[in-house]
């Protein structure tokens, strides 16, 4: 062991323990992921985004909320306002930098809520079976039958506009596919012999679901969530654009486009810059998701 | 032998032929899905922080007027009864009155829906015409530069906020280049010239043989439809590619090559024929997706369709209009799904 | 015996990240108006050999050969377009499983007619009549109904007979049969083989019969090539297979149970790495 480098240890053909084998598999997955240039670009963009969000106060040249009506709609490259100013004279760059926090906040919350709800519904449905399964899957189908954005709109209308409600509405429309996946996984796992063995030992349904089924469902859910992130960002931006998400003066990117829309023909940069930000981040998620799928599910990625 | 007869007898007692029970099952599940959809919108309507009575009578109405309307709306009945009334009304195409313009919501929807249909149809048409060949070529030349281009085109399509893309399109093609008409369905001075038959202005002006209006309407629709088309192109081309890859590795493709067929015939006469059925589903799905995408696109392009209608209603708290619009879009979604299932059964010899 | 096909030093290579993998290594043989068997385990390169002759190896696979001459003309020098005139019309191939080798969404009639009209100028009615005639030649009764049917409505044995009819309708000189009976029920294997045998004989064709089944090949063919790891290790007359000398062939023979000479233990094949390294034996006559 001592004369072995970590790299050799990780790349061994003959793992010495379960953890060793697992770490080795992860490392080899990482190596093949690293070979995928596009996915790496996506990863770097997202790391940069997290960094920008974390250090927003240091990075942004101005306070994103301070208005300067004397200097409104300043064009690109204006002194001390590289990306210009908006209709209230606020620095667009600073607003974009602070807006990254909102984007990450929404994405993180939805990525927590929707898969968990889907996991619960899917595993219960798959494990219990019978009429519970029929009812839960029928409900899932009904939610899937709705166009997502329209349903989210209706939810926000019922709950009231605001960033938390937007998160809730997006989550409510995003869970059904996860439930489908979790149910399919549960059905396969439930039929496995080792589950029968645990049942014979007297383990209850709760224990089997939480200890044995959930851990195995999670990896397929993670891939799916990564692939869905871009869609979540676009949905959140869409709600913000319609004035149903984050409320002014919050520097949410979708809302910023909405503000800039009025000046699109004369002061194009006001709406263009936040759009570019949304595009970059959701492209990064798509690149990352594509790469992850190639590593974790070679068949799905051709 | 006796057992087999018994089994046959039991099946006979259940009496109906298989396709009848299958059809009944399908209809049943569709009905349940539709009912669920109406139920969800109903629930959303209940939890809305808007008093439906106040919305009708106004803030300054007397208590007696308020109570009268309260009873008239059936709000004193148990929720389940209210839901039954609601379903009954929806079945009759009655979504209540719009609070904004005091007209029946159903009339409004009938007026705005063709505009959305026109936009989405042209969009999906662009998506099919460009997306299917792109997907096929990308699969046949897997790994080549054209495959890479197709991949990037799709990834960019998946990542672009549609409302922003619409704004950029307006800025460039209308504002800077002046190649297309601006927002709206036709220029103002052409409005209401052709009689409305289908509600789709391209079709109406064609029926009226009014080429000036047709040309103007086309210059207005081409940009939003192309942008929507780009979205369905991204989806359709990716799916076409993966379906084709699957078929091209099948053994019957080798058979076709052994016959001495040209690569073109192998791809289009054999492989493509096998993905047509799957493609129908994808196209139906992307059509449904475009109905959804049109919500944001319509706002950017001031397109008087169902998307604009729902959003305007939403912002002015016109509950009946929002729910009516949501139910209609949801029903169209379900219908498209059913349609693609049906076509599946018609086109796939194995499904019979 | 006149030579229909002369293959010299055929290689099939697949470049991969770990280097070039040689699926077929320098195989040579000739084919006359005979039934030539190619036997080997999976991965021995026997199927690749058949497909390489028709140039059906898809990129990134590479086919190299000193020559593959068909009636004196080297196929290696032909363009892809010229190869299309060879495929079907002069060399044809029947594959393993009719469930996969027939197009599931085309009627059987359309598929057979297409094979005929690919190489013959004929009206639809003529082609239809020809297809029915061909189906009858492979002992399919009720040919008109079968013409309208889809592949999934056929049994395996029927499907394979349809395949044979489809591949023989342009009247080729050589038929490559790649495990034509492996996916079929044992009960219909013999019937399909007999039909194929009769047609091949009547038309004076050459047959390359690829199989993993040593007994079947010994029974059915005139001459047998034994392949191992991409090489031909031995060539025998089929009736003298029991006199084979190469340890691999001997090992294969000894690992088969025999009714006429029962044994307590069947031998397990012991492999010598040298077999894979030794040069290919030439099957040219």
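Observations
Think of it as A, B and C in the order they're written, each chain with its own count starting at 1.
Just so we're on the same page, a residue touches a chain if its C-beta (ideal position, glycine included) is under 8 Å from a C-beta of that chain, and two chains touch if they have at least 3 such contacts.
Bear in mind that the values here come from a model prediction, so they are computed numbers and not experimental data.
Shared contact partners of subunit A and subunit B do not exist in this assembly. The interface carrying the most C-beta pairs in contact is the one between chains A-B. Mean C-alpha position of subunit A lies 26 Å from that of subunit B. The mean-CA centres of subunit B and subunit C are about 51 angstrom from one another, to the nearest whole unit. Those residues of subunit C in touch with two or more other chains do not exist in this structure.
Interface residues of subunit B facing subunit A in the complex, by the touch rule stated above, are 29, 32-33, 36-37, 40-41, 44-45, 47-49, 142, 155-156, 158-165, 167-168, 170-171, 175, 242, 245, 288-289, 291-293, 295-296, 299-300, 310-311, 314-315, 317, 319, 322-323, 325-326, 329-330, 333-334, 337. By the touch rule above, subunit C contacts subunit B in their complex via residues 51, 54, 56, 80-81, 84-89, 92-93, 95-97, 100-106, 114-115, 118-119, 150, 152, 163, 166-167, 170. By the touch rule above, subunit A contacts subunit B in their complex via residues 138-139, 141-143, 145-151, 153-160, 230, 234, 237-238, 241-244, 254, 257, 261, 264-265, 268, 271-272, 274-275, 278-279, 282-283, 285-287, 290, 302.
Residue ranges on subunit B touching subunit C, taken from their complex, read 250-252, 254-263, 269-270, 273-274, 276-277, 348-350.
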